[in-house]
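Presented below is the structure to which this report refers.
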């Protein structure tokens, strides 16, 4: 699978996986609410419909923002190890990845800024504040993992987890896994922390002025982001995967647990979300630091 | 050249009375006459300065009427005394030149007598002679402080008078005791016999002389009169008073102390007194609303610094004191002249309203004066400050240096408050007397040029060599060069 | 003989100082200053005094030939002369101050002078 | 509203696979913008939740006109609310439809004789589907929406084309009763 | 020429001199051509003088000259800021620290040498006293009370110079002293000030995030970046040092460019408050583009240079396994994302305000420095080998290949792939149905009719309210206002006490006289 074609179509595959997760996710949520829910490929249909509709724009920054969002999300896909081959690897690609994760939100934020709509600005400010909130525990976990495995490249992290279920980091570093999972809910904007989309409060936040193909682009960005988040969790804590099927199933299991949690939770306010992220998971991660790394962290 | 030494003292003495009489009708005549006399005085002192600096052993002894030193009274000018002489006459001439035309002939007469007393004090080598000139100095400054005859000046002058007379009495007792012990009045001879004095005798004489000179020099417990007298006096007088009069008293006391009381206990006492003077006057000065009073406190503070510098036995200490003296003379003179005239013009001495009528030259003068007073790097004040700290640390008084820090910062704050208000004011800037403008520009020019002269003279390298200095000790070199190894 | 002179001068100095500090009226202070001055002059004179010798007036009969062994130490005499003159100068100026003080403050009570402080 | 021709007219000529694919997508994913006024608004939650569950057919409620395909007007309109409806309608993007809900949108319904009620909604904005009933039940709402799907499948021209063709007529009607539109 | 051989004194001096000269030239070009008329001549002369002082400061190894030039720089900064009331805290804080440096200088001279290298040999306390002004001038925690006043109060023409060069003088000082005296630096000193710098970085980020004024926000952002560089320089780790210097260069470029744009806007509209600015992109497209590039670089997002230097610094911290410290700086890094976005959103992209009429695009010469800084920062991002070698040479390390194979080669690939993806997105965007450009007024308003004066329909005031509310106690605690109030009352009390000494009564003064004689006698007896 390591041919040039694979490299070119990797974003597309990731998009499809992401779309399938969204489809299955909405169906699971419907089932939880004791209703049938839309067909599995509904998100795919939505994207096609959106790309075929008319759209309005507020200026070249609005367009540029959307391009950056799409390109940024696609770029992330190249850095996350896909099943068994690590596409663009270097010595410390985990650290570089954390920077690249920031391109797409920046693009979307820039586009929204020119949307000249107060709802959009409120949405983006909430998104950035939430990001500030969950980045603290996220960074603690990633630093913990890097120091625990001694190197900041995915290859070493994956190889450290080979050899049976027992070796997975989810069992060797359970505290980090819990904190990372906790952060993933906010990272993917799922229900308890979807303060930035918040349809009832700020009319779908940043997306308020996006219509037609712009909204389509953001849907693709969202799908790629789902894929990236789940893939990262799998690589960090479930030892990657040998084949595509195993990779997909592991990712879906993570997604499934996440969907079930988020389907039954109510939305919090931004301040409470940030406060919660700065206290509970940080304490957990700190205990994790002390437990796994000892005194050399100071 | 000896004749010049005598002339420098005698000329203003006689001229004082002549100009008073000349000025009875209209005071323009006396002002011109006084200006001429002071100018010649300045030229004479510059000639003496040149001669002494160029001569081999850097000293001249002028003898009166043929009697050789042990018996006769003599004038003794070494390199330090000559510097004091030069700057004393410079400041005297400058403050007179910047005086308003409205001052009466009484003012001009007294200024001349003051200059005569100053020159006499700096040069005299005989201890009773010092007492006589000291008395003239006190009396004339009482009169000058009381010049305006208003309530404030009279009150200040009364306090100054009472404290001054007690001090002079103490001084006379001290001199009497010294004469009883040694039988001679010549400084050099007393210095040779001083080591044999008993501990108790030394302490008594030291105490008496300390009070005698301390009141006039403004050392801590005795300088209460200073903060009333300087603001009450007209601004040329207060410039003279805080610029040179208290410094000369300090110089005299330290000259006697380094001759008679050489053992370290006394220098420790003086160091302590200097620190306390500096600390108290800076702290109290921080809260002053009245501008001239604020400057008076800053003068007392600088006196404390000079006292600390001069009381250190090493050459660097001496040189630091000298630099601090020159810097204070120029900066304080400039500040008092500009601030005094500004507050006279605007009629109010409060810090917020005194600079209503600040002209451009006032602003430049206050800025230059303030920055050099605080020791901003290019100025001599900075060199003095650095040398003082190095001298203190080299002499082992690290604790004293540490104590200095908070108070120097306090002084920086309240002086910059004064400078800031002047710069911020949008005064109309009409100029009352042209002489003052000339003096301000000349002093600012000197403040800017002098550091270059001093540093060039001491490093003797063609350009400012920045990558470390070939001469092992940049500062020690400066000190020895200027003092030419004099014992003071 | 000298000792009682010293005692007298110290007494006078003490009286002068006490007078300065205890009196409230400025003129009284001036008087005590002159007492102090005289005490100091006495001290100065008594230093030069030698028992049984003559005053150093060189043109007097007794000292016409040679005054080597017969005269007291002349130097303090000279000093005291100038000291007295200076004391006079101080006193004169003090009195003029007193006059002006009376004009400005209507009283010569020194404790009234409280305006300049801090 | 700008005068540029909407995409659907342009797309009409090329009956290519892309057009069919787009229509198929448009048919199966319809996003609604509920203009909840009058008594009809209460009928919508049952259609969305477990019993009738409109999401089965690909319908989804949307918060902004920019993202919506269908404008659902659920009851009587007064002068003030008509101005907002027109404003929201013009914000929506080209292939857009309007569903009139209940009799109030057809002829003013129960309040036809009030001085302020709008009696014929289609004079002011093109309405594609009317759902009869003085507040129709969820089943009727569902059939109405499925009717939209049928129209898209049969490629029938939507109301927005009519709005563009007779734009001046609509605007003139609107200005008759509203001062500034 | 004297100046040249002075700059080439040693590598470190060369690095800093080149940067300072570069900055000064660019800043002066901008100030001259940006149409700010009043007070330019005096400002330029003084900043020229300041630059000369700094060049000499970088070159000298003699501690007395170093101290003299350092104090001259402090005084010049005080004069250039020409706001005595606001910069008095700065003055007395740096004077206090400089006197401790003078003590250190005096003790080193007493020890026998004038060389900076010998400062640490006297004793560790001497080194710390010598380094105190460096800490004060960088605004690290115990001494960050002066930062708020000086940055906001100072003259707008000087604020760029202040934050790009003067704010970072402490970093040069630390480098100069630490590089010359390896191994003599006490461990506890490094530990305390790394963590203090970390807390300062987070504090400054919170202040920047919560500020309502562009200049204030930029100033606090530079304080947090300076704290980060300060900590990484203090760490004395190879890659952290290189990262520190490259970030020094980066930060200077960023702040120079951003301040130029903001000062230009201030010159034209007279205000830099976020709520009075908006949608300047329509009038100043090019300056927005460069401002955006610099903003991205400040936030540390890949294509631009910021990521390279931040990455090296993080690498250094992780190597030294100082996780808690690097965590603080990561939080500051994410915080920088927030205030960069705030700057972009509220100045260039928000809704039109009346101030839009006063602004027009900078003339070509004024925008030149801004463009140059943006492009250089981009160059650092894409091809950073020359810059890394330049920094390594300054530190005296012969660096042909940075130890890690991450870095310039790798980021180059990242930028290339990113470019390709952007191209794909643009092509797809063009193929899809056409879009229509819509004017300002036609926006979704939740069915409420738009008010006539549309500019109030904008959300650019109190932008990050929840986070500011959360961090309020933390920010107020470390801004040390409570300490300043306590100190003011304390000094006033002492003052009242001492003023009593000169209470004006003659008797008291007489008593003082007598007490001196008694004191001297008592001292003599006591010491016998």
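Each chain gets a letter, A, B, C, D and E, in the order it is written, and its residues are counted from 1.
Convention: a contact is a pair of C-beta atoms (placed from the backbone, for glycine too) under 8 Å apart; a residue touches a chain by one contact, two chains touch by 3 or more.
Just so you know, these numbers come straight off a predicted model, no measurement behind them.
Following the contact convention of this document, E is the list of chains adjacent to both chain B and chain C. Counted as hops between touching chains, the shortest connection from chain B to chain D is 2. Of all chain pairs in this entry, the one linked by the most C-beta contacts is A-E. With centres computed from CA atoms alone, E is the chain lying nearest the middle of all the protein shown.
Centre-to-centre, using mean CA coordinates, chain C is 71 Å away from chain E. Centre-to-centre, using mean CA coordinates, chain B is 45 Å away from chain E.
For the pair chain A and chain B, the distance between mean C-alpha positions equals 78 Å. Chain centres here are Cα means. That of chain A falls 101 Å from that of chain C.
For chain D, residues touching at least two other chains, in rising order: 7, 64, 66.
Shared interface positions of chain A, i.e. residues touching 2 or more other chains, are given as 52-56, 203, 208-209, 212. Annotation for chain E: residues touching 2 or more other chains are 433-434, 436, 442, 444, 499, 502, 504, 506, 510. Here the touching chains pair up as A-D, A-E, B-C, B-E, C-E, D-E.
Interface of chain A with chain E (complex): residues 11, 51-59, 61, 63, 66-68, 70-72, 74-75, 78, 88, 90-93, 95-96, 99-100, 102-103, 106, 109-110, 113-119, 121-122, 124-126, 128-129, 131-132, 135-136, 139-140, 143-144, 146-147, 152, 203, 208-209, 212-214, 216-217, 269-271, 274-275, 278, 289, 293, 296-298.
Within the complex formed with chain C, the residues of chain E that make contact are 499, 502-507, 510-511, 514.
If you check the complex, the residues on chain C that touch chain E are 17, 20-21, 110-111, 113-118.
The touching residues of chain E, when paired with chain B in their complex, are 2, 6, 9, 56, 59-62, 64-65, 67-69, 71-72, 75, 78, 84-85, 88, 91-92, 95-96, 99-100, 102-103, 105-107, 109-110, 114-115, 491-492, 494-495, 498-499, 501-502, 504, 506, 508-510, 512-513, 515-517, 519-521, 523-524, 527-528. Residue ranges on chain C touching chain B, taken from their complex, read 13, 16-17, 20, 26, 29, 33, 36-37, 40, 43-44, 47, 75-76, 79, 82-83, 86, 89-90, 93-94, 97, 100-101, 103-105, 110, 113, 115-116, 118.
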